[in-house]
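After this come two complexes, each holding subunit A, first together with subunit B and then together with subunit C.
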Partner chain A sequence: MLQGWVIVATAVLYLCVLFAIAYWGDRRADQNRSIISNPYIYALSIAVYCTSWTFYGSVGRAASNGVGFLPIYLGPTLTFILGWFLLRKMIRISKVNRITSIADFIASRYGKSAMLSGLVTIIAVVGIMPYISLQLKAVSTSFTMLMQYPWVAPISSGSQGVSIFADTALYVAIFLGMFAILFGTRHIDASEHHEGMVLAVAFESVVKLLAFLAVGIFVTFGMYDGFGDIFEKARASEELASHFTIEGSGGYTSWVTLTLLSMAAIIFLPRQFQVAIVECVNEQHLKKAIWLVPLYLFLINIFVLPIAFGGLLRFPDGTVHADTFVLTLPMAENQEALALFAFIGGLSAATAMIIVATVALSTMVSNDLVMPVLLRINKLHLSERADLSGLILTIRRCTIAFLLLLGYVYVRLIGDSYALVSIGLVSFAAAAQFAPPILAGMYWKGGTRSGAFAGLAAGFIVWAYTLLIPSFARSGWIPESFLADGPFGIELLKPYSLFGLPGLDPISHALFWTLFFNVGLFVLVSLWTTRSVIERSQANQFVDVFRKTSEGHRVWRGNAAVGEIKQLVARFVGEVRMRDAFERYEVSVGRRLANEDLADAGIVAYGERQLAGAIGAASARIMIASVVREEVHDIDEMMEMLDEASQVIEYSRRLEQKSRELQIATDDLKAANKRLKELDRLKDGFISTVSHELRTPLTSIRSFAEIIFDNPEMPDQQRSEFVDIIVKESERLTRLIDDILDIAKMEAGEIDWQLRVMDPKPIIQAALNATSGPFQKDDRKIRLETDIAEALPQVNVDSDRLTQVIVNLISNAVKFCDREDGVVSVSAQHKDGMLVVRVTDNGIGIAPEDHAKVFQRFQQVGNTLTEKPKGTGLGLPICVEIVKYFGGTIGVESALGEGATFWFSIPEAKEA
Partner chain B sequence: MSSIRHLSERLIALFLLAVLLLNPPLLRIFDHASSVMQIPTLYLYLFSVWGLLIVLLALITELAPTETEDESTEGVALQSQQSGDLTEG
Partner chain C sequence: MAKSVLIVDDESYIVTSLSFVMKNAGFETGSAGDGEEALEKVAAMVPDLVILDVMMPKKDGFEVCKEIRANPEWKSVRIMMLTAKGRDSEREKGLALGADEYLTKPFSTRDILARVQEMLAVDRVAS
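For the complex of A and B:
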């Protein structure tokens, strides 16, 4: 028969052992013979992950969900596989920056912002507090159950029926409060290590594991005949067999969700951060811990399913709550000692969690919430007070007491209702909100303070709306219709299917929306805000923590004395510790520091880190800023600032260049405009010239026509003379118009050029044939001399157009050659990769000043007023256009009275 | 240096393997109500995979050298600083 006093005595004895162990651990630490400095203690302390929610709750979940509880332990295994990068980096960052809590970590990354650290603290407290209540509740429930030994009776009314003074939860709360205050807030430690506490927690991890294994072995091999036996018996029951698959136990969505949640929870729950990061004494321990922790989780889960099925088979009527199987199975089998051991195991699981969680939260509340506020209230003149370490400790102790009181009140109020059962996962979801700013903060320099703040705030609000408030509704604090119909009957705002998102269980649903808003806002806001200098510097320190230190190269332009810094540190950590710290510093830099020396960057940074260890980065920053009056820049920062400056310079340089380019463009435009005006003038001239040229033949045609018309009796011979003139003038007119059209087309680029690579010889020959007429018919005597080389280069031309050029030149030569003894010679040569064709006449020649003129339109050399024009005045300009198109040049060599040589050259075609 | 990189690469590979093995769709292969040696297939699969992963994790980390040349100096410096801190506490 298990007496009530035996239970109480054992529990008290156990807690006393805990005190002794913690005390011993602290003593060893004081003597500098640390007991916890090995990977096994470190791994066991991380096993604080397994709370009474694991100890009792896993079996409960397994009984209703089969294997659905398992992802909560598989997730941490996944995280720990990555632990070598993730945790090691976090540990290194925390050591370098003297991080004391998860709020400190986030705030420190994003520019030591007090606002951010405050927000994280609030999220942590609101998110974790119910979880603490759950532990108190578990202890009191298990105690009450055990007190009824050997009766296994369901606890129906929870603690509500019990008076406050008979309520175990209260005594447990008081006891644990004392423990946390004694070992968690013994003194302000610059590194925030609580060796006694860690040792006790590790011890408790051993106890709960052994207790659970003992119960598991008893159930599996004592009550049944091994694993196979239990499962076979369970298979016989239709209802239980559905637990054998995931489909029958929550489905895959919830499987994946729980995996993700627990992956985050194992490091981002404040208590996990405390033991895994803050309390880590040597990052080499991590190497063993990354497989020891999963191994621990594996061991503590082996017997969960057998116990669950064993319990379901043993109590088939469902009167006994599955959450209590670990305790009730040994009781039902009359195993006094085992039942007591199970109770102690549950107690150890609960107390370890409560102790670490309250210590972690109290550090956060004091460092990241209360102190920054107090320091900013100038009226309190806190920053001038001599010794603040006492104040900080008081704040922490009050916080612990307050948290436990709050936890206890929460238990009394909510009692047995829904809220407590699901609260573990609700807390996990709150902790998951820390994942985006921390993970992104460690690998992405672009994240900004505003981004982190917006993401966290949004994630927290959505979390509260989709998980916390519904849990109140389920507990009956607010009407159930809030869940069923949404607030004020707005369907879209139903907390379990926000914005109409259907088909997810509440946890998956909340995880999706919280991360959606958290990550989304974090990234968006980060991309659209700029980082301050301190954010930049912190980002560099976090992301590049493994790079060779940037601390060595600080640039410092402040003006504080060493004494001032020392005084400041002393006010928070105490005179003795301060002196120790600075003596170590002097040893490390190898010189003595006089109080009135100007503090260099190293000392200020060292001082700030000492302070950060005591009061958190955000507060430390405020305090340091009150003493020194300059920003601390390290080389990286300076480089970035330089970078910024040089960007500005670069920008203005480019601006200058742009304006120069603009100036050039304007000049070009002006020139183009001028040219346009000139062209316009030329066009006007051209039109008037064209009309003039057209009118001349027209006038003569008309005059002769009129003469013929007016004199019908004109002699036939004269008439035919006149008609001949009319015909000739008409022909001239036609040629003129053809030429005008030709040149207009050429200039407009409307000619359809038929370019081909060909031998020019046949073309020249054709042109000579075409012009043979004038040489024979004309009454004048004109000789044609040709000198065509045998080998002419291939050219890329339009044969008709080239013929036109040669014909033009020859007919020109014919027109202007000597009237009595005309000689026209045509030569074609291959010269310097060019085809050169020359047409020479022995006429009057052209004065050098007129050479350019002959190629202009309607310009004919000689007096056009006295002499009848011999051509249209467009022949040469057309030749110019054509030769230009072929890529060649055209020119004239001549002097007055010596004949003229027109030549053109076309480059040899490249072999295709 | 190469060994530490190997450690990192092996751990990443192990992580990816673990994610694949412990999640659908691979999980679906074993998600049915049959038994192997009286133990439900799914349970047996999950716990074997889990155990195997832990063994692999232990092998990978334990076989890697304890100190690495590049980071060792830094690590030692940090440790000494830490142990210095401990004297404070």
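For the complex of A and C:
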């Protein structure tokens, strides 16, 4: 007869043994003789994956679905065999960055974001809560069953309807909670491995495996004659035949979904991350774990089908719940000791899960959720408190109590509406949400904090909507119509066929939509947003973890003394550990550090990593920032300082501005250079032309001088003709030189203008007098006609220069007028407030296309058919300069063969 | 038989002076005031030598030079170019177009006579 006290005593004894093992493991670790540093312990600790869910639930699933329980174990096997390089990279990254949890990992990758680590923590807590409640349910159910030994109870009544105080699950929750608190929060510093815990968990893995194998062997070889016998009997039963095929076990979609889910779960469930990544003492252990873990999973699954079939054959009426076969079969066969062993096996599976999960979650809650918030509340003056380790431990203990309480509440709410396996899968789907940001984060530098946040948040919301809330609905907590018709009767929002996606089982459906939104938003938002400096450097450190041997360069602005950093670290990890850590640092850098020395970037980073090991990267960053900068009261201001992005953006904005300015300056310079080149070309052309113009008269002068000299006997008449040429050409040369000097001076602004307001009439008259010479010559009959108005306006001019303009124009007219019957007319009028002077000839005229040309230097457009014009080619350009100076304009009206009229106008002088 | 020289320039004084010098030295002379007239005169008299100004109306000296050289009948015509633009590039261009000599204004009538006599004497020896 198995009495109640025996069961309780055995359970307590078993837990005491666990304590002893953990204590021993911690002692060995303190003595630096680690007992867990081998691949076997490592692999066994990873087997914490097999919870009471495996122990009882996979038999349950096999009983209803046949081989459908396999994907849950196929997934992890695939992960270890195919995905070992992912694990290796995660382990390396975690070692380098002293990662304390999965939340810490994600937050670190995306710029040590406190917000992100908080979100991951919330997802983890809410997501794992059903899983913890599952363990409570398993332990309490098995305990209740066993208490009734040897009577095998019909389908368990669950906890609903039972008063809370009579509910076994409550006591189980309280008992396991106390155990987890005592066990998991003895000291802090999460990154320095919970060696005792790992050892205990490994031990539990052995116990549950042995218990399960014992039951399996008893059923297979005790109750039946081996595998062949039991399978044959099962196949003989029509009902059970379908259990051997995939079609009979939920279909291929379900298989693929479950395999994928469990591939993710073996790494991304917080407790799996804890044992496989955080607690991993040596990367090399992974090499053996690659086949040890699959081997363990294989062993624990060998007898699942035999036990399921055994149970179904033994209790054909379906009165006994298949989830309890592991326990009820030995009971039904009156195997007292075996039943007790099976119970202990289930208990060990449950406690291992609860210990590791609560330790992992409480670390996350304290480091990534509560501490960052508390540190931000200035009123608490946390940054001034001397010892915070007590506070952290309290937070963790409360978290564990809270988690188990939450788990219990979930058990009460959900009751028996779900099979064990289904509840576990809800948690698996939550953990799968961590896969995109972690996997992409290790290989894609472009992923941003905002992207990870958006993806995780969306995945979590969809998960809650398609899995968590429906679980409430199925238990009757929310109206069933929510499931059947969607909220408010909206078909598209039905939780099990969202947006009209039917035909999938709830888990596959949820996995599709959660990952669709998670991955989609992660990628889109990442592409849309830019990364801050710290995100960039963390991305590089994660993605290139195998490439970098050094710490990488760190930028740190600010100042703090070494002593302050030490004091800060000591507050979280204790004086002794702090001293050890900094002694190691001094050895590694090869110099002593005085407390009053200014901490350089290396020491600050080292201190931050020590802190990160205890309180997580996000909190560590906040704490370090608080000592490195004095008197920071405003957390937002502090966060701003941490994020150098804004500054870099400002720099790059200024750089862009500068480069734009440079571009403009360059363009200006190019244009100026072009103008200079053009001017240079013009000047060159001018000099060349001037030289040509000067050489021509010089040639004649020289030639005739030589001729006269070489021919002394030449006739006098000829001699005087030649001398006359010399004189004329000398005059031409003089005029040319005068004009060149004039125009050069005007351009250089060196003319001394004698501006005076005066009547233009005397000036015009003087000009006419000066040009009277040509009109009196006999050989050319040129008539001069004048039309000077009585009243001309006063103008502000230099009289000599104005005379020069008029003389030039008349001389030109004389030169170009008709050779036979030349007429030159000069008119002066007062028109529209202007003095307008016009000089007209009756010569050959100027083609319109040449009008502009005549005002350019050395551009004579004369009657070249007959003879070369005799001007200097500078007369009109000089006129242009002068008229321009008087504020007037000059122009020409002409057509070929119709003579030409040159005119200029000068504005009337304002009476002073 | 006297050698003939065609003097081409749009500056009449230069034509006058060169004609006087050449006649004085015993050459037959002809003259032209622009490029087109020059080609007509070349066709009419087929001179032994052309003294050719570059900057002229209608057709400049380079073009005249090119056309003379393009006609095989005028292969024996010597060409001496005169220019007031004394740049090397102009000189190169003239020589490349087939001019035999290239002088810069202002020149000495004594030099130019010596050059002309030299060029025509060489010619005489060759034939």
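Definition applied: the second predicted complex is superposed on the first by the 598 of 912 C-alpha atoms of A that agree within 3 Å, B and C clash if a C-alpha of one lies under 4 Å from a C-alpha of the other, contacts with A are read in each partner's own complex, and residues count from 1 in each chain.
FYI, contacts are C-beta pairs under 8 Å (C-beta built on N, C-alpha and C of every residue); 3 or more make two chains touch, one makes a residue touch a chain.
Just so you know, these numbers come straight off a predicted model, no measurement behind them.
Visitor: Looking at subunit A, does subunit C or subunit B touch more of its residues?
Guide: Per-residue touch count on subunit A favours B.
Visitor: Classify the contacts of A:Thr699 with the two partner chains as first (subunit B alone), second (subunit C alone), both, or neither.
Guide: It touches subunit C, and subunit B stays clear.
Visitor: Looking at A:Ile708, would you say it contacts subunit B, subunit C, both, or neither? Reply first, second, both or neither.
Guide: A:Ile708 sits against neither subunit B nor subunit C.
Visitor: Check whether A:Ile302 is in contact with subunit B, with subunit C, with both or with neither, and answer first, second, both or neither.
Guide: After superposition on chain A, A:Ile302 lies in contact with subunit B alone.
Visitor: If we count contacts the way the header does, which residues on subunit A are in touch with subunit C in the complex?
Guide: Residue positions touching the partner: 688, 691-693, 695-696, 698-704, 706-707, 710-711, 725, 729, 864, 867-868.
Visitor: Along subunit B, where are the residues that touch subunit A in the complex?
Guide: So the residues of subunit B in touch with subunit A come to 7-8, 11-12, 14-15, 18-19, 22-24, 27-28, 31-33, 35, 37-43, 46-47, 50-51, 53-54, 57-58, 61-62, 64, 66, 71, 74-75, 78-79, 81-89.
Visitor: For subunit A, which residues count as touching subunit B in their complex?
Guide: 29-30, 32, 34, 67, 70, 74, 77-78, 80-82, 84-85, 92, 95, 187, 189-191, 193, 195, 227-229, 231-232, 235, 241, 244-247, 252, 255-256, 259, 281-284, 287-288, 290-291, 294-295, 298, 302, 305, 546, 548-549, 577, 580-581, 584, 613
Visitor: Mind listing the subunit C positions that touch subunit A in their complex?
Guide: 10-11, 13-14, 16-18, 20-21, 24, 33, 55, 57-58, 84-87, 104-110
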